[in-house]
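In what comes next, chain A is part of two complexes: it sits with chain B in the first one and with chain C in the second one.
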Partner chain A sequence: MATNASVNLPSSAAARRSRRPAPGAGRWFPLFLILPSFIFILIVIGFPLIYSLYVSFTPYELLKPKSLNFELSTALNNYQTLLNDPVFWKALLNTVIFLTITVNLEYVLALALSQLLARVSFGQSILRTLLMIPMMFAPVLVGFQFRWFFNENLGLVNNILGVFGLTGHAWLVEEPYGLFSIILATIWMNLPVMTIILLAGTLSLPFELYEAADVDGASAWQKFRKITLPLLAPFTYIALTLRSLDVSRAFDIVRIMTGGGPGNRTELIWTYVARLSIDSTKFGLGSAMSWITVIMSLGFTVYLFRQLVKSRIVK
Partner chain B sequence: MFTSSVRAHRRLNQNCLNGLAWLILVLLALPAAWIILTAFRPATEVNASPPIWIPREITLDAFTTMFGLNPGVQARVAVESYMANSIFCAVFSTIVSVAVGTLAGYAFARFHFRLHTASFLALMFSRSVPGIALSLPLFLLFTRLGLVNNVFGLSFVYIAINIPFTVWLMDGFFRQIPRDLTEAAYIDGCSNWAAFWRVDLPLAGPGLGASGIFAFLAAWNEFQLASILTRSNDARTFPPGLYAFTQQFTVDWRGMCAMSVLMMIPAIVFVILTQRNLVRGLTFGAVKG
Partner chain C sequence: MRKLLLLVVAFTLALAAISQHPAQAQGSEPQYAGLDQDLKGVTIRMANIGGGQYEALYKSIPIFEQKTGAKVELVALLDGFAIDQKLKQDFATNAVDYDVAWDHTSFMAQYKDFLEDLNQYFTKDDLKVFSPAIIQSSTIDGKLLLIPRHADISALHYRTDLYGDAKIQAAYKAATGQDLKVPTNLDDVDKQARFFVKGGYSKYGYGMAGKEEALNGRFFEMLFASGGQYLTDKYEPAFNSDVGVKVATLLRGWYKDGIIAKDTPNLVWDGDAANFCNGSVALKLEWYGWYSYFQDPKSCASIAGKFGLARGFTGLSGAGQRPTGWAGAHAFSIPTAAKNKKAAAQLIKFLTSERVAYDEAKLGFLPVRDDVWTRIIADASASAVVLDKQRLELARTQVSEDFKTPPLIAEWIPISNIVYPTIQKVMLGDLEPKAGLDQAASDARKILADAGYYKK
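Moving on, here comes the complex of A and B:
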């Protein structure tokens, strides 16, 4: 019996191996699977990027076809123009303010709201449905909606202020308010998804840890700080990664609410791309501008993905 | 153990907490409610001061005007063609991008090949490229190919844009399926393709649903590229249609609200249908890395 088994085992293993797909086919299979995706992406994303990189080194203007010619001596002119352009710096500053405030505030608010919702004892499912309502609004709809609310003469905000005898502002026109109105609209749009992800994370945390902490007499704050927050890290990074993929959607909101104006007051780097390359048809300059936005997105995405990978490995 | 006063104190705390949560979420939903209510108000209430919260009368006036059913009212939008174009682009691009992205997601989840991580990162990066950076080069390319102002051209763009996120989601879903099942299929003599098609794909059903919804809504809501690549009502989708509407000198706010409500319908349907799967789909990777 024993010898039989020892003789049988290798042969059955060999038989198994022979029934597996040929090694060559196995090696090409994953490439065959990812090829279609890369073809689409090369055409729709790869080609435009390379083309606009080339154009960014030329003085190309859409209405002057002959201006599309590359000369080494003038290759960096567009970038130089941008660096000397106060509107570029204004747009960059606005974008930094905009992203810093929105992303941080969204995260803090979503974290607080998720902790609150995890403890609610009455009407949980209705509350979650209410929470999802802003998700039904496309960025253009959010932009339109807040443009109306913040309208100087007809808007709901000034209308309500008027009821209390207060004078409103031209929210979208006056200097700090324009950007803040856009920030508010953006937070309203993005808060639900972030809250939902953090809520799902909070509800999935092991209950025993909290019981053990209770036995040890930990305070609510200690439990939050030492258990909830570290264990939520992977959810946090998923939420932030998803969010980072959509940063340029701010374009939709701004384009509808203020168009970047008045006088570039609410200009962001994305609306400035549109202003340069489409509205004033300076495609070369606009391409240089759009490459700056691409490089910034790249840095942001790479950073967040690194964090995401790290938080997954720890788990 | 608990004395009644401790219990009463706890109940009070819990009630405060519930009240606070309700207050915050009602405030959050208020702007949306205002838009939806306004679509059904009589025109005189729309910009009334002080604001009228609850409509005194429900009317479909705004919708009938939008579809040109009210004779003698000028403010007419080509909303039927926006809707038809939007539906075509969203459905067509969703089907193709989910099919193509699922294949790649499977490759990333199940196989190791050269440049595995690098190509995954490249895909994710391509998703984060701002649409506005692509729009003008694509416009020039599509002009050559005759694809400007064409729903197929726009769908083609949406397919590519939705692939990375589909890959990301499907990679997570396929990782959730035990590898043993695939290996058992190999032992039973399945080819790579048969193992994928007969074993892994059916088990990833919820993932297909989640990716499909995200792809659909992304295409449905897309504005940057649609506003450049469509020129007339033949191909214009909802978001640029809405933009054109807001650029008129006198904005018909109630008409805009009615249009917003129309545009929200698919999102509402999807959110209601998939509340649970949506969350699971988004957080799959976090629960099991």
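Moving on, here comes the complex of A and C:
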């Protein structure tokens, strides 16, 4: 018996009906309950955001308080400077490449790992615990660890290659190995996050669908493609959204492993922001760059959430 | 009887004269200072550099507390770059809540508007015990911004097992017609480094850090050693001169020809030191602070007892050559926002006093006081390792004669952040030396013009 590969979810209208407050209940009461959180978020996040937007239109330098001075004629100077800065574009391009490869590779590996783990019948909890180990390390420590692994003279990787008679590389210096080394370290540390999300999704799928597919003679690949993947879509988009936001603000590992160098080869947006804002004290310029990044991240997040909502609509 | 009395008096006077001499380490104990004021009820807060040997100094603080009645709170102990970031942010946001702050001659220009003039708290007598070169480097526009704690300068470290090997000496003589001697100029460093690599005697001929301010500092050092200038007297960038291009070209050649490690552009001090420690490098400039690490057979079995020290080399041939000597000093300052400035000055007097400085020098730090130099050199004379004493005598000469800080301007770090990626790109072949340095000079000029040094 063929089954519809999509799950029957409540219709939008039904969902909206279920969310309406019960007749007679105060409409404002829920708002009143969330008001303290809203005020807190406004103070902790909203005000600094607006302030940093203001700073981005000034030539503010950290140790020159008088430079926090808005003038309409020079308001866009920071943005113009960035748009004409080749390092900014390099950092942006590197971030897009880093994000695309890291998130997609992580997804593929996490999907495979979650499917394998879902099929383990003995010792699954131990395996899950072991899987979480990389997540327990602070990003700074992971950065130091991998920096030494990839050291050209003393590192583990080149020493192992040497044992097999192969030539080592200056992994953190040569293009494109520098960026790929950072990608590897990032995936190593964060693979458990996506794996756990997808594993939770896999374990929540109704097994009746698979039984029905077995009766119909579906192959393992057909079951995976027609049942597992579509039903995992909401979890996939959640995982991709979370990891995309995480990866796009990568800083610690990169700062430790390469500092964005050499010669800006592994420069990412946030390493450049930190160097501009703190090391070079050009806070206004750093704020402008941060805002460009925030707007791009918002656009990306909105897109992903739309995909997430679409994936939940009944066909 | 009378003669005997005269002899006794003469002997006593002679003893008294000897004990007055500050240089007599054996006869007198090093003294504390800053303990002569009653500071009961005063709490002095301090934000300082931490980690490793830096924290040993703070163990003397209870003595200060006991003698003066003050209480000292360590509000932050961070590594060098983290404490710099903290100070910048605290100064910018008026969040300074401490009386004594870490400082360094390379960083102090950034903070100059937020620090007290210490001439108000330290007399000429107080200051004469310190190296005049360092005190001069601690002063901007007549304002004394810091009191030095210990100094940093680099010596040329060379492998005695290579330089002392008869076969290698003979091979060098055959190849160049010259005797293999420890190089005294950059041209010879280049020649010998290439010789060691080509002959297979050393994996790398030279070792150096290759990123961040470390690379900019080494470039600056080789530049001034070769008679070049980083900035002119009018603060115009000058590192893109012919001399600067020659130095950048040299570094590029070293990288391309494998004279330095292939991941040099990703090495800071620890990675660079590790290459020397494991016997991969024939010679390099290195800070004195690494000495005990290199000499310890447990950490550096390949080179412990097999390296020597020499004064920094002069630069590439040409006018104005002088020895290298990029140097700095870790120090203490008093923020203008400090609540207890006089008490802070007393604490600094104590922490930089002869006794405390001597205790710290015994750990391997280079002192900044002449009296402490004399003591530790005398102590080292008793060591079975000849290099222990030679090292200190050499360091003393370098600190007093070769000490040179980077330009004492707040824009040193922002300019550094432009120059070092450029040097990296030149080394990697991504940029031509002249074009790269010209662009960096143009960008540095914009920074200085924006800062008001001259019109744009």
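As a convention for this text, the second predicted complex is superposed on the first by the 268 of 315 C-alpha atoms of A that agree within 3 Å, B and C clash if a C-alpha of one lies under 4 Å from a C-alpha of the other, contacts with A are read in each partner's own complex, and residues count from 1 in each chain.
Assume contacts are C-beta pairs under 8 Å (C-beta built on N, C-alpha and C of every residue); 3 or more make two chains touch, one makes a residue touch a chain.
What you see is a predicted model; the values in this text were computed from it and never measured.
Visitor: So, A:P262: does it touch chain B (first), chain C (second), both, or neither?
Guide: Once the two structures are laid over each other on A, A:P262 reaches chain C alone.
Visitor: In the superposed model, which partner reaches more residues of chain A, chain B or chain C?
Guide: B
Visitor: Between chain B (first) and chain C (second), which, if any, makes contact with A:T293: first, second, both or neither?
Guide: first
Visitor: Return first, second, both or neither, reflecting whether A:I278 touches chain B, chain C, both chains, or no partner chain.
Guide: Both partners.
Visitor: For A:G201, select first, second, both or neither according to whether it touches chain B, chain C, the two together, or no partner.
Guide: Touch partner of A:G201: chain B, not chain C.
Visitor: Could you tell me if A:S73 is touching chain B, chain C, both of them or neither one (first, second, both, neither)?
Guide: Neither chain B nor chain C is touched by A:S73.
Visitor: First (chain B), second (chain C), both or neither: which does A:S219 touch?
Guide: A:S219: touches no partner chain.
Visitor: Which of the two partners, first being chain B and second being chain C, lies in contact with A:A170: first, second, both, or neither?
Guide: second
Visitor: When the two structures are overlaid on chain A, which partner does A:P65 contact: first (chain B), second (chain C), both, or neither?
Guide: A:P65 sits against chain C, while chain B stays out of touch.
Visitor: Of the partners chain B and chain C, which touch A:N84 in the superposed model: first, second, both, neither?
Guide: In the superposed model, A:N84 contacts neither chain B nor chain C.
Visitor: Let me check the overlay on chain A: which residues of chain A are in contact with chain B and also with chain C?
Guide: In the superposed arrangement, which is not itself an observed complex, chain A uses residues 147, 154, 278, 283 for both chain B and chain C.
Visitor: For chain A, which residues count as touching chain C in their complex?
Guide: 59, 62-63, 65, 87, 147, 151-154, 169-174, 258-259, 261-264, 275, 278-283
Visitor: In the complex, go through chain C and note every residue touching chain A.
Guide: 85, 88-89, 91-92, 110-111, 113-114, 203, 210-212, 261-266, 271, 274-275, 278, 280, 410, 413-414, 417, 421-422, 424-425, 427-428, 430-431, 450
Visitor: Which residues of chain B touch chain A in their complex?
Guide: Its residues touching chain A are 14, 17-18, 20-22, 24-26, 28-29, 31-32, 34-35, 47, 49-51, 100-101, 103-104, 106-108, 110-111, 113, 119, 121, 123-138, 140-141, 156-157, 159-161, 163-165, 167, 186-187, 189, 191-193, 220-221, 223-224, 228, 238-239, 242-243, 246, 251, 253, 256, 260, 263-264, 267-268, 271-272, 275, 278-280, 282-283, 285-287, 289.
Visitor: Please name which positions on chain A make contact with chain B in the complex.
Guide: Touching chain B from chain A are residues 16, 19-21, 25-27, 29-31, 33-34, 36-38, 40-41, 43-49, 51-52, 55, 113, 116-117, 119-123, 127-141, 144-149, 154, 156, 159-160, 162-163, 188, 191-193, 196-197, 199-201, 204, 234-235, 238, 242, 244-245, 247-248, 251-252, 255-256, 270, 273-274, 277-278, 283, 286-287, 290-291, 293-294, 297-298, 300-302, 305, 312-313, 315.
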